[in-house]
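Let me begin by handing over the structure; questions about it come next.
Chain nomenclature is as follows: A, B, C, D and E, assigned in order of appearance, with residue numbering initiated at 1 for each chain independently.
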Amino acid sequence: MAKYIFKRLLRSLLTLFIIVTIVFSLLRLMPIEGYFQNFEKMSAVQVELGLKELGLDKPLPAQLLDFYSDLLHGDLGVSNKYRRNVPVTKIIAEKVPVSMAIGLTSLGIALAVGLPMGILMARSTRTKHKIGDKLGTAFIVLIQAVPAAVYYLVIQFYGTKYLDLPMQISSGRPVTYILPILSLALGNIAYYAMWLRRYMVDESNKDYVKLARAKGVPASAISRKHVFRNAFVPLVQFIPTSVILTLMGSLYVESLYSIPGMGGLLVNVIQRQDNTVVQGLVLFYAAISILGLLVGDILMAIVDPRITFGKKEGGR
Amino acid sequence: GGGDEGGSTGGESVYRELYSSEVETLNYLYTSFTNDYRMCANMVDCLVEYDPYGVMKPALAESWEHNEDYTEWTFKIRQGVKWVNAQGEEVADVTANDWVSAAKWVNDAANNSSNQYMYNGIVKNAQEYFNYTAYLLESENGTKTTDADGNPIEPVPEVSFDDVGVKAVDDYTLVYTMASPCTYFPSVLSYTTYMPVYGPFLEEQGEMFGVDNQSVLYNGAYIMSEFEPQNHRTLVKNPTYWDKDNVFIDKLEFRYNASATTLGPESFLRGEVDYAELDASLLSAWQSDPEKQNQLSASRPSVAFSYFFCFNFEPRFDESLDPDNWTLAVNNENFRQSIFHALDRVNALEVVEPNTPENLLNNTITPATFTEAAGLDYTQYPALKAISDGDSFDEATALDYKAKAVEELTAAGASFPIQMYMRYNPATTNWDKECQVIEQQLEGLLGTDYIDVVVEAGPSTNFLSMVRRTGDYGFMKCNWGADYADPQTWTDPFKSQDNSYNFMAQDPNLEIGQKPCTNKSPETQALMEEYYALIDAAKAITNDDEARYTAFAEAEAFLIEHAIVVPFSISSSGYVATRLNVFEAQYAPYGMALQCFKFQKLREEPMGLEEFNSLYDQWLKDRTAAIAAADAE
Amino acid sequence: METETILSVRDLDVKFTLRGQVLHAIRGISLDVHRGESLAIVGESGSGKSVFTKTFMGLLDSNGSVTAGEIRYNGQDLAGYTTDQQWRTIRGREIAMVMQDPMTSLNPLKTIGDQIEEAIVLHQGLKGAEAHAQVLKVLEEVGIDQPERRSKQYPHEFSGGMRQRVVIAIAVACRPKILICDEPTTALDVTIQAQILQLIKDLQKKYDLTTIYITHDLGVVANVADRIAVMYAGDIVEIGTCEEVFYDPKHPYTWALLSSLPQLGVKGEELYSIKGTPPNLFLEVKGDAFAPRNPHALKIDFVERPPYFEVSPTHKARTWLLDPRAPKVEPPEHIKHLREQGVNRHV
Amino acid sequence: MPSFRFKDHKTQQLSQSVGEVLSRNYSESEFFEFAPYDPTAGERGGYSNYSYWGSTLRSFAQNKVAMFFLILMVGILAFTVVEPMLPYAPEANTIYKGATNLAPCKEYWFGTNSIGQDLWSQIWSGVRTSLLIGLAVACVEAVLGVIMGVLWGYVRKLDFLFTEIYNIFDNVPQTLVVIIISYILRPGVSTMIFAMCLTSWLQTARLVRNQVLIIRDRDYNLASRCLGTATWRIMVKNLLPYLVSILTLRMALAIPAAIGNEVFITYIGLGVPLEIPTLGNLIKAGQTVMMESTLSYQLFFPVIILSIITISFYIVGNSFADAADPKNHVK
Amino acid sequence: MSEQRKKLLEVQDLQVTFGTHLHPFHAVKGVSFDIYEGETFGLVGESGSGKTTIGRAIIRINPVSGGQVLYRGERISGRISRELDRKVTRQIQMIFQDPMASLNERAKVDYIVSEGLYGRHIGEAERQEKVAKALADVGLLPEFASRFPHEFSGGQRQRIGIARSLIMDPDFIIADEPISALDVSIRAQVLNLMSQLQKERGLTYLFIAHDLSVVRFICDRIAVIHKGRLVELAESEELFAHPLHPYTRALLSAIPLPDPIAEKKKKLLVYDPSIHHYDQETPLWQEISPGHFLLASEREAAEWQREPSR
């Protein structure tokens, strides 16, 4: 297993390398005006010097070489326009905890609400009118079909207008976190409820459930002890990714409630053409998303005894 | 946190505001961003400051004098002013050396200051020193003779910083030597690059100077006590400030909110902030609501920026829009005049200022009240007086010109309708709407058989380099901001070289992109040459402001009369809700004055529109008086 | 033969609704199951064997229901049971089931031990160490070596045959009175099939179980069954003791089933085979369901459903051929003298 | 007992052969004669009335909610096409002087915005553009996604390469791509479509690939290989038809997703220029005034219309995919 | 058997390996046998013993990792010329175990049956004619051509699968458990059809099954495979009369007898591989008597031959 993980990490390194190289090259397609605050009033000499300072005067391969040699020394460089001369690592490090705290809380809530909801919906499919299932499905459809940007706005509108909740967070006042956390949680609630329901319904048609019923196991115990666990296995894989998504923050929610997190940072620095920060961020995001997939697979292997690493599934 | 409490708690006066864009740096010697200015101007004082009417007053300089031909300016520095750090601890005294340190840093090419140009052509040898340091950098201290592309590096004669025209004669005497006679030099001094910096601290911080509130020193009205990027920043009153009696607000709290424009007004209504800008679309709703009515106020029109429409004489846009046809049209003065007179500017301005659009109207490039000489506002000088007092919009005239243009252009082989390609930056609020209004108004008046206004967005970032500088437009709203108190500053957009506003002055042999610049008709070429002759003459007058202004006014009038540009407006941040009285604040249409909170008091009640208007009228009157009084001194 | 009826089914009808259409899966079956016997239900796929036995445990899919008839067990009518609570008094405790596919009938995420223990805890009232000891005992009983180690393993670590043993262990651990084995060996190899059948037989003896086997292969049950019921299209067409059905089959469908066994085939000759396909149960069946495929069909077969004709007190068949008015039809040659033939043929 | 309705000629054939025998009136003695035995009648017996598309449509039609939304969706689609042709339908951008910020009234059904444009026309024009974007993206996504996905899943040699490419492209931020494209091309509808298509097909391709991996080694594909069927034919005949269900789902979801994406891109300021109304633009414009209760209709009308559209597509797509899955067919 | 009979297929020391280099799994370990023209060769063994793998290796779905396969004397394993490939594709056909899974559910019977013809540039009329004939050959009605596989019962589907192979006009058919997924009542249909076709067309079959009783009915010679190795090969009557290998004996003893009395007397034999001591004595694939091959060490061969069968 260790060997497998090591090999996978090694391969990811190659992927990372290519991703960063592509992003690096794409960034150099941007017009040079964007690198300067006051291009309008700068002389040609100043522009040239500025480019030199940013290392943009050299040919692309040389720039890349510089970048990677710095990277090897753990140096992601400093920001140019987002927060001038502040190291990229510092910029990211300041924001990650903020996004993560809010993201994890909302994810926790989403799991705490979404999973029971999925279970109830799955159970409801066996009742006559399936009312619970229909209601749940309506909710899921609403959340999944309506663009997040839109329902976030609606939540903010009603939350602040009619529930009189604050429009922006302020640390130390928990009520201010209600709306953003609710906004963030809804998507995940729908997501987890939907998949859990689907997997539970699939699982409950399997033979082992029939056997359990034939054994005389009460229905509630079946859905708890047998169906839920099996249905949860495929979801386990998504949880690390969900956690990691919290690291990336949410552009909408963070900007609606002025949360000083990661959301929008990428858009912001891309628009400001702050190459080093963009590169650093892309590297960070790619690395954690690759890591997330890996952790997801490892978790799967832990909860599901059938999955073993390294070996290709041999035959049956 | 910001709490719901009102503006003043326990006698402490706290001002709160939302902002949607974070500072890039607090390094005031480097930055040229208004966001950054807004902080720095309150943290560090300049040699001079202004009163609410725009009269210059001593600040860190107690007094100053100039020599006969305005080539040397000497400043007496105020004693006992302290540099303090973010914790309010005294670090050093402010001395004349601090301005020398600043000049040295700014003009050292290695630091790549965005505002270095403020020294260019003003302070003696500053540019030369910059060029020399740039050469050292490029050639890696003279070791290289070619650059990365293999082009030779031209050696630059050595200039030592000692040769630069800034000297600390003693700790409290500062002397600037001018590159050439300069009457308006003090107006330059409230720019950030002329702010002092404590040399040893600057050196100690190196690259990290100004990255946060801990890495700068303060001598201004406020100290930034808290700084969490994208979250909040707090400025508290500087207890050691030399003029602390004129600082009335104890604390400035700025909270980050990316949707500040949407949420600001609502926050203001809830009493969470003391200032919010209102989008014009909200205006009617606020005005008709009795609750909100008296919380609605406006911002003072600002003459720091001027907006005008440029005709592009070197169109570089897509073939599908027929640039050749446009070239024919734009070189035809009657065509230009028809647009000039057909454009209903008030109608267009209603998009941002539905109530009193006329207040924003600007009939000249140089805004009225920007500067005056000999008691007469520049725009009232003879050549400009008629233009300033009239309005270019005139349907009948426009249609007359149209008739002439149709005749001439048909003869020249142009095809109708002429496609007039207008661009806008989607990131600029309301510009898009304004373009739509103009399109419908122009087409409505002149007829779609004559012109077809094609409105198209440009990229939201790097708009200028992608659109204006590449000439990818036919007719577009452009702007310029003043650098100093002299009409010359407003001629920069129309300069004869590297002109990227309307490409009016390109040398016909010069190439931009692939196409040589051969578009201008002989008539146009002649017009341009005449204009530059007028400008050169004006610039040559350096010791008589009245004569100088007269000459500049003639040049400006020439430009407008031949419809090479269409003056449009001054800038406005539109409507606001505020607990401040802006008329108490420092005023100057250039420099940092407008950013300062000094002198301002927090009101119990928001200012209403009526009060604002009366105060504004009063202010305009008082200002004339104050300036006259100052002139008399 | 003195027999006590443990389970008695009368005129059972089962229907499924599938998107507005009704499928008549069981069409009026009556059957008595005797205590201690082993009854085999034989019939081709889709004939309703599983559905029939599922009604005894209330395990019908949710779109199906018993629409008529009764199922008497212990003086109760199971057909009237509706709640999970009621059924739990039956499931496992009274009637247990071994399913067809050992590969999928175990929960892949729980250890073998846990899954057996669950049954023991539920039905034998044991807990903790006692239950665990019982698990090992049961495992040993079904012939799994190293029960201690095996009980901690997961289903995927077991071969098909062993999984089927585990499934049987679970069923037996419930201590039921009736054990239904729904095609317990179809997924297994012949050698293992024989072993599993033997195992069930042994357990039956040991625990005095009544067993109901379900299979489509007549050959398989010769060894284990006391009585055989042959099902076709949701109906029992022939029922009798093992010997009666093998040596004196009366229904043409039974003939066909027997004759098509390759064991009875003669090399180089055609095997007897049934032409065509079973009826569509969405359609109303008129007369004898087997008629269209029956070369010996009488005209009345298309009109009137045949009643049971009693051949012996234990032997009944639903075919008009047994009607005295019907022409006499001989069963195919090679199954006629099965007794003599069989013994000789198989070394 | 509910009788089965015969639905087409094949079933009728069957009923005839049975009926023939039944219709004759036998006498008592005749009953016990052998019936004519026809082996082919037996062959016909197992026949079920099945055709893939017929069953798909039938199961879809049985879903009442889905039918409701289908009608709604078709209605909206039809209306967006017809709307500009209606008499008095003004050009969406027409500015009515003096009619700024009017609440919904007789003349302006959805009110007007801050410069006096009629929101009703703006919204329908926006729906048109947004749907165009959605449909175009969905089509490109489907076509590219299927081609790439099938190649990726079926041709073993390409698997490693494609997987790597996927990992890479999946991690290049879409914003970056959109911004760079907005430099290269003019902002506009086609640019928007192009930018969205550039990355959106990846997900479809992966989905298709996973599906293909599952069915690639099914016996019927092996059978085709044994028969020497050309690879492209296997892809077209054996793989594609099995992707119908997931593809319709993907396509139907791609449309709301693309509309949502358009809103997002507009939100970060890279959208279609305002002079082309889109739902994204209208929502963005509405957002600036949403906190003002007298003006919040400017946000809510586009939001409601957008929600109706995305929800209908979502539900119709989902239900159709369900219906297209043979597991849910009545045999 | 007369040595004159022509060998159609020779399998020589065939090995098939799955998995990665690190974790190889040898599914078939050195299997050799010949199939003569016109015969039916049976291959029996338990699940997972490698039967399917051998069949697929012959038809070139599974790559061969050792040994070779000769068809009419030509090597057809590994890389072969296009021409040979085309010829072999046409002449060797396969019938699959699961009649549902092996038919493309989304295609009409018409297409399924004539799929093999598409590479051959045949006119539409001719194609339809061939389809009709193939369907008739397997006893299906021509009208079925326009239906989907769903609409058929297992036996009918399997016949469609056979028709699909027949249309190629093959010489050699590999039938991989063609009846084990079918109901007993319809197995006979398929078995009958196969023998009938063999008679009419002189086909050669490789018939794979796990049930000896079926194999006995249809096969001329039978090979028994266990865990990837052939353990015994003989003419079918010979194998039933004199089974030598304990595994063969176990298989035979397990055949269910449709006869209650005989069945109740039957004694089950269980094969226990631990009786072998192959770490000490290597087993050999040897011809014990003419046409009867056995995998055994010297000692075992002698011992087993002494024991009376059953």
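As a convention for this text, contacts are C-beta pairs under 8 Å (C-beta built on N, C-alpha and C of every residue); 3 or more make two chains touch, one makes a residue touch a chain.
It should be emphasised that the depicted structure is a prediction, and the values quoted were computed from it without experimental measurement.
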Practice task
Go through the assembly and pull out the chains touching chain A as well as chain E.
Solution key: C, D
Completion exercise
Per-chain Cα centroid nearest the overall protein Cα centroid belongs to chain A
Practice task
Going by C-alpha centroids, which chain is farthest from chain B? Tell me that one.
Solution key: C
Completion exercise
Chain centres from averaged Cα atoms put chain B and chain C apart, in whole Å, by 93
Completion exercise
chain C to chain E, mean C-alpha position gap in Å, rounds to 31
Problem - Between chain D and chain A, distance of the C-alpha-averaged centres to the nearest whole Å - result: 27
Fill in the blank from the handout: Distance between the CA centroids of chain B and chain D (whole Å) is 52
Handout entry: Where chain E touches two or more other chains, by residue
Key = 152-153, 156
Practice task
Among the residues of chain D, pick out those that touch two or more other chains and give their numbers.
Solution key: 43-44, 46-48, 179, 183, 269, 287, 290-291
Problem - Touching two or more other chains - residue numbers and ranges from chain B - result: 259, 263, 266, 460-462, 466
Fill in the blank from the handout: Residue positions on chain D within touch of chain A in the complex are 164, 167-168, 170-173, 175-177, 179-180, 183-184, 256, 259-261, 263-264, 267-269, 283, 287, 290-291, 293, 296, 299, 303, 306-307, 310-311, 313-315, 318
Completion exercise
Per the touch rule above, chain A residues touching chain D in the complex are 14-15, 18-19, 22-23, 26-27, 29-31, 141-142, 144-150, 153-154, 157, 160-161, 251-252, 264, 266-267, 270-271, 278, 282, 285-286, 289-290
Problem - Residues on chain B engaged by chain A in the complex (per definition of touch) - result: 1-2, 18, 22-25, 27, 30-33, 109-110, 112, 114-117, 120, 130-131, 134, 137-138, 147-148, 207-208, 210-212, 228-231, 255-260, 263, 266-267, 270, 272, 460-462, 464-466, 469
Completion exercise
In the complex, the residues of chain D that touch chain B are 93-95, 100-101, 113-115, 179, 182-183, 186-188, 269-271, 273-275, 285, 287-292, 294-295
Fill in the blank from the handout: The residues of chain E that touch chain D in their complex are 56, 59, 61, 86, 89-90, 92-94, 96-98, 101-107, 111, 115-116, 118-119, 139-141, 148, 150-153, 156, 161, 164, 168
